Structures are given as structure tokens and as C-alpha cells.
């Protein structure tokens, strides 16, 4: 990976006014909702203790809602908090949620998979300029050098199907699609080279399962990979089991993943997990013209079929 | 139906006929678009579309000519507006053929020695007026309603055919011309030969064929009670208008049926000065008809 | 499970010739959990089976592997033997060392090694097999027939005659369907009503048939043997119990000019009406949309003149719930309405034919009404425009059928024959008339069909022109038909007095919504799909639902009646037993782990997966999970492969069993 | 089909995951017709290809299979109507994934073999066996099975080396 070869721009992509206006719009709506008692809580972000950070919060009172912000540090996919994995959040009642394009795609997926009812959630969509990447220097503004890889190629900056849209999108320059380039680089390799690439990455996996915990689609109460009768995937963090885990994970997300790349962000070993997801999304688009979008779809590409689907690989 | 857009701008491919025998089609088109405040910018250096001989003798040539025109059209912003039914058909057919056939794509790219740029949407004036501009707005722009004028809308062979290619309207039973001219208050007649062939370019090689086919069209329009015929194709216009006298002589029947280009009538309704509509170059003079209807 | 017996069969010499069976038995004996092994000449023979039973008793075996032929051959045999020996039959598996080993390999060492592997895999599998009990489902011996055309009537009568209860539901006020509208029928030209009406009367008089006319299916729940059906009986405004069918109300109704749809709008009927004189039941219906009382609150003539006091303006729709064990769907067809293309339809219209705008262009069913002795003209062939007798009639076949460019690619099957019939009926009534037929092919496969068709040409002098029609237009009082004759390669124009279009046969409007209520599948044209095109042509993939007639595809009367009787026979087979027993290879949901994403429901070809709410004791919803109805589940296991958390498992093919086999390698 | 017996240096293990209605029956037909094919294949029977979870394919490779054959009913012939349609999509996606992580797809064969196609079954098994025999053993997964976490190659810092040696 040629990380050093390129010079990154450090000019801010969006001015301070944009971030403030989005934050204000969120606050205003959140306060209104809570004051009217329309929702029991608003899932959003508040500033973290250190500068340049933010953390998810469930604001339950108008006062708490006044603390809500939106900044490039708002990296988390909040849809996670509406899944069964977070029962205590759901138990509060009807919730509002602050949602970037990534979060919206996840919400659309959750709606499509009967995990959520649209009427149970009030969506405050964000016209999102992007967020920091995993190792961004947060003393800098959101810029070419600090923006997350996924945001460079974002197609869902403008929310649709939401109850409210916070902010207006500033004009953004086209950024170099680093992830697509990386994907193309891998695709151009021989199978042996790719195996070596992934072997090296998977071997380092410590199976902390942060990728699973952060994923809005890993809402199973019992993960297949934790089962031992039968044990489909070896649970100890050895290369064999790691490889199986990441293959199974990619397969389970195929046709569902919203591309928020949270798995990759939280990976302590810097395994480029979103490449797997991107690859599957790309293939499913090519094969079945399916794309995860902002609107819930009744069936995913792997839960429906057409009689004339491609079968050139079958003899 | 998609909602009408507010500001409309088109690139414009007039085609050879509109610079020669169908000059009045070109002039009235420009006049109409100006009156409707729709931008229309001619594509610089456009070529002949090849109709109608090219595709009969050399498919590669006919596809390449249109592919080149599509490429040239990218110099000007906006979807490509086409007035002539034959040009429209050739451009659409080219897009269709090349989209579905990779080998032909390679051949044409080789012939043009340039990468293909075929994606510009090609739209017939009818489609622009009915869909993009919208019939409501068209009706609102009418200054001189054509009420009382009985119009036979003549589609000819090319405008809606073959199925799935032009996607202008129902292939065999279209109504777009009626809807568009109907917006001006004109009365459209129901008649049988809207879609029949006029004889096309047999007009030079075997005029007898044209006299028969176009004669039937005129007879049918007359039967339907029409005052005039409205066309969207210079070739059809030539056969129905220029040959009308010969047809009358051959059949012994009198028609005296003016044949208008659609934009002539629309521009008239939109209040464009009649001096700019080229009525004088029509072989069957419309003057008495238009006077009778109080339109001149 | 740790006490498994392995029985290796020689199959005469079929196995032992290439496989060292003693070695296989010996190696199997070394496997953990195997308590007994032996080999025997013919395991499937009586002594062989006795050997097995004896071994079970002596060695207290808890699982059995028979290494012999294919399970497709003898699995049942050995499972029965296991059952007789007191072992749950699903703890007995076969290792296929004949078809998959000894017969396909020559090298004795290799074949023996493979046989050992196969046995090992099966031993590992059996260790994880569960005791399964056959699933029994009670059967309600009452059938629902949807549709009262000839198909529904035939099925109803057959089932009722066998002694079972039948509920027949018909959407229209009378049963009879399209056949009641026909004049005469090919290939014998017997009068349709003469053969149809007695059957209709049989239905209404049959003690085992409950008839709901003017009624529609509201909802269907349940599964084979146990369906609950809600039927909406639309308000007739006439009390069926009181009405004597005297007809005074119809005669006195001041509103008489309502186009009669039964006569394809050629004639008129009053607002209180029966569709046709021989209607069954012969009880009128008030057409509330056109009735003056319902429109203005004034009139009330019918109520005043009704002697028995049967007219009841206050009647409301009534919901009847029926419990049935089987459903026969016989909703029939409609003719393709060939006017301009309807918005949103995938099927193009035929605006160029002017149907609906040129009065003398009619469809085949309208011609039937013209030709029918009980029709609006008393059987006289006249033009709708001016009532004149048409001297030249053009018939156009394949209008909408076999027209891929218009969106329908199938053949409607009946048009060739009924057009031939029409030319005959026409010639019989208008002796100096000339019939022309535009056709693509003449398809006449049926008993006496081709002879019939030839008669229309050779004796009745119909002119058949091979080619298509491009356009119809009115010219004076004639309809000009522009077409081509491909045999001689010219364009032809015929000035006709009347044009009859043989329009395509389509499923009934609303066929798709009914299918969704029933949970059955349909093709892109909305014809219902049979379970197997060749071998299960009358069954739906959804167990307990059967198909009869043109709702499954275009059909003529003999085919329809055959299929209807076949469907009835299927129902009777089901009703021959009190309980339905089926293999317990069904999917089960682990409700503890299911998160209710319902991916299983999306992929289930049987519609067997439902939502189930789990509540605590005080009724609070804890979660929603999937539930597989074992009566409906077909046992394919697609749900399990799809389930991300593997919270649904297919009994008999659990992940544990399969993983054990793969790991045994 | 009596071929001369050749001894090979390497005999691959082939696992066949098949549906019971079509391919298993097709393999039975090959048997009753006494066709001959390499004995390397081990058949695991499923009710339907729709039941075949990609995890099984992965597990087979992990547990020592050098090649995997997945086979079921032709489209439209599925006993359960649609199982093979769903399977087709699932496998199409899964093989793309395997390819992306660097598995040689010539070791994984999908086919439709009907109950009447005993010959095709023989052909499929023979072809795959021959091909995998040429490719040699599938070492990638086997190496993984044996490999330990952090295979030392990246253990380069002196502290870590020291710590590692002290264990």
C-alpha cells in the first residue's frame, strides 16, 4: 500500500458554518421532539472529552438534547443503537435518530429485515460532508488528508425518506477514490498474491470481534461463529479460524452491508475489512443489479432470484 | 409523467432537409422555441444523419455518421432536440444498436478513431413539448387558439417505429401529435392512414408508388374531415405537399389540403409572426384556409 | 449415542466383488461408538432383516448403519426393520456402497477404502441423528371450490358425488361461467347451454354442495387439511330464502336500459336482474350502482311488487367462515381487452385495430352471443352498428396471442378451433355470406379437431389467409382490414361488414390477488403455476390446493373437464384418510435465538414461514420470531442455509449431521 | 469406459455436495449403468441445493478436501421449486468471495446433473478429479490449519523476539 507516495490537501472541505448549522438543526429538532414528548430519546452525538472527538448518546431530556452536535468526529453508525443488540436503548420507546447516509443505509436494511418499524423511529437525516478516517489527525479540519476512505466515494450524502434533513450540503470537490483503487489493485493480483495479502491480514486478527459488535447488521442473538455444536468456525484466534470467520462474515453481509465501514474503523489490527464488503457489493451489483440504498427493499439479492439469473459458472 | 422542468435548454440537430427543402420547419422550430423561452443551440459542424440511403447500403457507415453526430452534440449542453423524423429515427436506432452490440461498438469506434460518446438523450420536438415542457404550459402559451381548425396528424412510418426504439409513444397507436396540437385548441380528426407509408424516397425512383400511397393518405384525411395535415417529417411533407397536384391529376380528385409542419402550426398558435413561418413556400397554399379560420 | 450397529451387505456379489466387505465391517468396528458390525450376503432379505433385528436386541443398539445399496432403493425397508426392532426409524441410515462405490470402481483397494469412508461418514451422521416422529395432520373432509364455471362445477359434482361436503364460491350472481355464454361447442356443434344447464341445476340440488354465488374469497388461512376460509357474500338485496324466482320484479323495474355484460353489452337488462334466464340460482340481484332506489332513495317498485317480500334494500355484505381441507381453484379466464394500452400494463394494446371505437369490430365472445339462440338477437348474426346482416366477415386469429412484441408470447389454444366454428355458424345462418380468416398457423390437435377445421374450409367455404393484420379502419359503413397474405406475398385489403377478433385468453382480473391470499404461485401472465409441468399438473406447490381449468393456462372444454375431475380425484385421495401423515423432514425454528429478520420467509418456496409473537406472562411482546408451519413446510432447507444465525434447522439434515460427515473425511 | 489403471503420485480428495432428487439419483444411475469414474469422490447428500450453506464448502476445504463439487437439479426441475434458484445466487456470490480471498476457483465446480444424467455425473467427477490432480494438493488451507498466530515473520522487534524466545 503506497500510503506515502501521494500528497494530501489540507484545505477544509466544509466551512465551520456548515457544521454549526447542522448541529443547530439537530438540536432544535431534538429539543422540539423531546419537549412535545413525541419521542422518548434522541440517538445522536455529543462532544467527547478530548477536542476533536465525539461520542454517541441517547438524549432523553431537552437539556441533554441541547448538547447534541455534528462534527467530522461523529464517525459512529448510530443505527447500531436501534438493533436488538442494544435492547436497553430500544426499551425506552419511540426514538429519534440522527443519521448520516451510512446510518440511513443501515436503517433501510434494518427496516427491510423486520428489525425496525418505520413508525417507531423518527429520522433526522444529515446532509453529510463526511467524517474523519480512522487515523486522521483530528487537529486538522475535515480535508483530503483526514476524511475517511468511505466518504471519499460517498453516494448518499443527501438523505431521502427521512422526517427531517439537517443542514445543506456544501459544494464538495471530487476526491480520489482510494478504496476503489485499492480494490482494483487487489482484483488485478493473481489468486496467489491475493491469498498472501489476506493471509497476512487475517493472521494478525486477534478475534476481538469488534467488527461484529460495531456492525448494525450483526444483530443475531447467537452468532453462528460462537456455536460449538457444530462448530462451523473455529473460535480460537488462529489463522485458519480467522480466515473462516472473515469469509463467513463477508458472506453473511453480502447483499445487506450498508458500507459504513465501521468494521474497518474499529479493527485494532487495521485489517481492511471494508474491501471484502465493497467487493461483495460490487459483485452483487454486477450480477443482480442490486445496491444497498436509502429506501428499504423487500428482498435482498440473496433472498430472491430470477429464473434467468446468470449461471455461466455452472456446468 | 415526469414533472415539467422550469428552465429548458437543448442542443439542436436540424439535419440536412431543414437547411434546404424544409427550411420552414427549421425557421418555425426556432421561432416556436424562442416564443416558449426554450433554449435551442445548434450543434456546430453536424453531419448528415445518413438517411435514408446509408443504412440500406452500409450499416457501418450509417451507424458511424450518427455516432459522430452524437459525439459532436456533446459540445453543446442539453439533451439533443431533433425535428426531422428520419434523423430522429437514425439517431435513436444507432443508440439502440450500439448499446446492444459490443462488436458493432468496436467497429464504429475504430471507424471514428475515437472513443464513443453515445449517451446524450435524443428527443424529438414532440417529446420535448409534451413531456419536458408540458402540455399545460404549452396551452398557457397559446396566444392565437387554433380552434376550429381540423387537423389530421400524420405520423408516417418512422416516428414511433420500430417498437422499443424511439420510445416516443405507443408504436402502432400513438397520440402524442394529437395531444400536442390539441393543446393549441385545434380539433384533431380521427382518420385511418396516420401511420401508413407515404412512399418516402420512391418519390424519385418510382413516383407512381408515391402517387398511390400518398394519394390514399390524402383521401383518408379528407374522409376524416380534415382541413389540413400536420407532419413531422420533411420527406412526408414533400410527398404530400409537392406531389399533391400530381396526385390530384392522377386520381382525378381534388384535395387542396395544406400540409403543415407541426412547428408551423404551433408557432402560429404561440403568436410567432406569420412572416417567419414560411407559409409562402408551401405548394398547397394555406392562406385561404387560415384566413377562413381567422388565423391570418 | 454410542451404540451403533453397522451391517455390511454383499448384495450377492454386487458389492463384495469389488469391495472387501469383511474389511469394511472390521474397520467400522474400530470407529468410536460402533458397538456391533457384521457382513451378510443379502441384508434386504428376510434373514438379513432378522439379523438386524436380532442384533439390535442382543447388543442394545441405538443406531443403525446399513452399508448396502442406495437409500433410494431400500431406505424404507431398513427403516421399517429398525422400527420393528424398536429403534426410531430415523436413527437408521444407509451407506451407499453399491451404486456409489462397488458398481463404479474396479480397483478393489480403492473401492474398499472409499466404502470405509462412506460408512464412517454415515456412522458420524447417525450419531447425531435425532429421533423423529412422523407428523400427522387432521383432515377436514370438506372442499372449497373457487369459481363456478364448468371446471368448478365438474370438480364440485365429482367430490360431492363421492360423499364429501363441497363449498362452491362464485363471484357472479350465477354459476355457469363462460360456457354458459357460448352458442355451440366444437367439434360437435352441440348447444352449450343444453349440456351446461343440467349440470348447473345438479349443483344447486346436490345435498353435499353449499353454493355461495355473488361471493368472493376474503381471506384464506391454514394449510393442507385445515384451511379457514372467509367468504364475502356480497349484498344481493334479495332474500334468497324468500325469493321464488317469479321474475315480476325484473319485469316491473323501470330502469331497463343497463347494458347486459353477460351479452357483452349487446342487450339490456333491468337494475334487478339475473344475468341470463337459466341462471342458477334463479334469484335476482340488485345492481346497486344503477338502481334508482340506491341512487336517489326513490322508486322501490321491485319491493312493492314482490309477493313473498324478498326484496331487502338493507341487506349488507356477509362474511361466512368455512373450514375446509382442500381447495380447488377454478377461476377461469377472460378475453384480452384489446383497446389502447392501459397505463402501467406490461402488455401493449391494439389501438390500431380500433376495438372499442369501431362498433363492427367485436371479439369472439361477442360473436358467441350473436350466434346464441338465447342471445340478444335470438341467434341472428347482425352488425352491432346498424343491425344489418353482414355479408362478409373477417376473422382475425392470434390477436394478442403469440405476439411477443405486444407482451404475450403464449398460444391461447382455443382460438383456431372456435374461429373455425364461427365460420361454420356464420355460414349456417348467412348462406350467401363469405367468411375470411387471417391466421398464422392452424393448431388443431384434438380428437376430431382437424376434421372439423377442414370442414370449415372444404364444406363451409371459409377463405383462410395466412398472414397478419396490421390495421383496421372504418370506411363508410365498411371496416377495411389491411393485412398480408404471406403465401403469395402480397398485401391484401378486405372491406368487411364485420370483423371478429380472436383475442388472447388471459387469467381473470384479480388472479394475482387471489393467489396471494391462497399462497400459491403464478407466472408472469398471472396463470397459476402447477407443482410440476408434467407429473403434477393439477396440484399447486402449496399442499392441499389444486388447479382446474383455464386459470392454469388456456384450455378448451374437454381439457378443462378432465383437469377438473383430476383435481377432484386428488381431493378425494386426500379425503380418503382421517389424518395426513408425512415425513418429519421439516424445518424448526429455535425461538430463543431467532431475531425475526424473516429472511427464511423471503426464500421459502412454500410460504410455510409465518411471524410469531412471543409474549411474557402478562402479555407484553418480547419479540417476533419466525415460525415454520410443519403442515406446509416442504423440507428443502433453503431457510436454514439462508438464516444468518442458523436459528432454523431442518430435521434430518441439521448442520451438526452434515458437519460431522464433512469432518469425518 | 475401462481405462488402464495408472498409479498417480497424488490422489485428491473430492467432496461432492449434492441434492437427493437429481444429482444423487444421477449418481445412482451411473452406478446401475456400471459406468466407471475415479474413486476420489465422497458424496454428502442434501434434500436440495437450497440447503447447502457456503460454510459447508469452506469447511470441506478446511478439513482437507482438495476439490469440491456442488451439484443439483437443473433450473426449473427443483423438487422444491425454487431451492436451486436461491442456491445459484448464493453460490455465485460465494465463489466471487472465495476468488477475492485468493482461492483457486478451478477447485470448486458447480453443476446441474439431473436424475437422468448418469453420464454427466461421471464426466463432472472425472473432470474435477483430473483437474485437481494436476493442480496438486490444496496447500493453502492446510498451511493455515497448521499455522500459529503471528507467524513470526512480523515479530521483528528485539523486545518481542526476546519475549517470544523466553516462552
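Things to note:
Each chain carries a letter (A, B, C and D) given by its place in the written order, and its residues are counted from 1.
FYI, a contact is a pair of C-beta atoms (placed from the backbone, for glycine too) under 8 Å apart; a residue touches a chain by one contact, two chains touch by 3 or more.
Everything quoted here is computed from the prediction, not taken from an experiment.
Every chain gets a centre from its CA atoms, and the centre nearest the mean of all protein CA atoms is that of C.
For chain pairs A-C and C-D, the one joined by more C-beta pairs in contact is C-D. Separating the CA-averaged centres of chain B and chain D is a span of 62 Å.
Centre-to-centre separation between chain A and chain C, using Cα means, comes to 46 Å. The mean-CA centres of chain A and chain B are about 52 angstrom from one another, to the nearest whole unit.
Averaged Cα coordinates give chain C a centre that lies 39 Å from the centre of chain D. Residues of chain C in contact with two or more other chains: 603, 642, 655, 658-659. Contact with two or more other chains is made by residues 54, 59, 82, 86, 90 of chain D. Of all residues in chain B, none touches two or more other chains.
Chain pairs that touch, as defined above: A-C, A-D, B-C, C-D. Considering their complex, residues 340-341, 348-352, 357, 405, 470-471, 473-475, 480 of chain C touch chain B.
Taken in their complex, chain A has these residues touching chain C: 84, 113-115, 219-224, 227, 229-232, 252, 298-300, 302-304. Within the complex, the chain C residues that touch chain A are 592-599, 602-603, 623-624, 642, 644-647, 655-656, 658-660.
By the touch criterion given at the top, residues 163, 170-173, 190-193, 195-196, 220, 223 of chain B touch chain C in their complex. Partner chain C is touched in their complex by these residues of chain D: 2, 5, 13, 15, 20, 24-25, 27-28, 30-32, 34-37, 39, 42-48, 50-54, 56, 59-60, 63-65, 78-83, 86-87, 90, 122.
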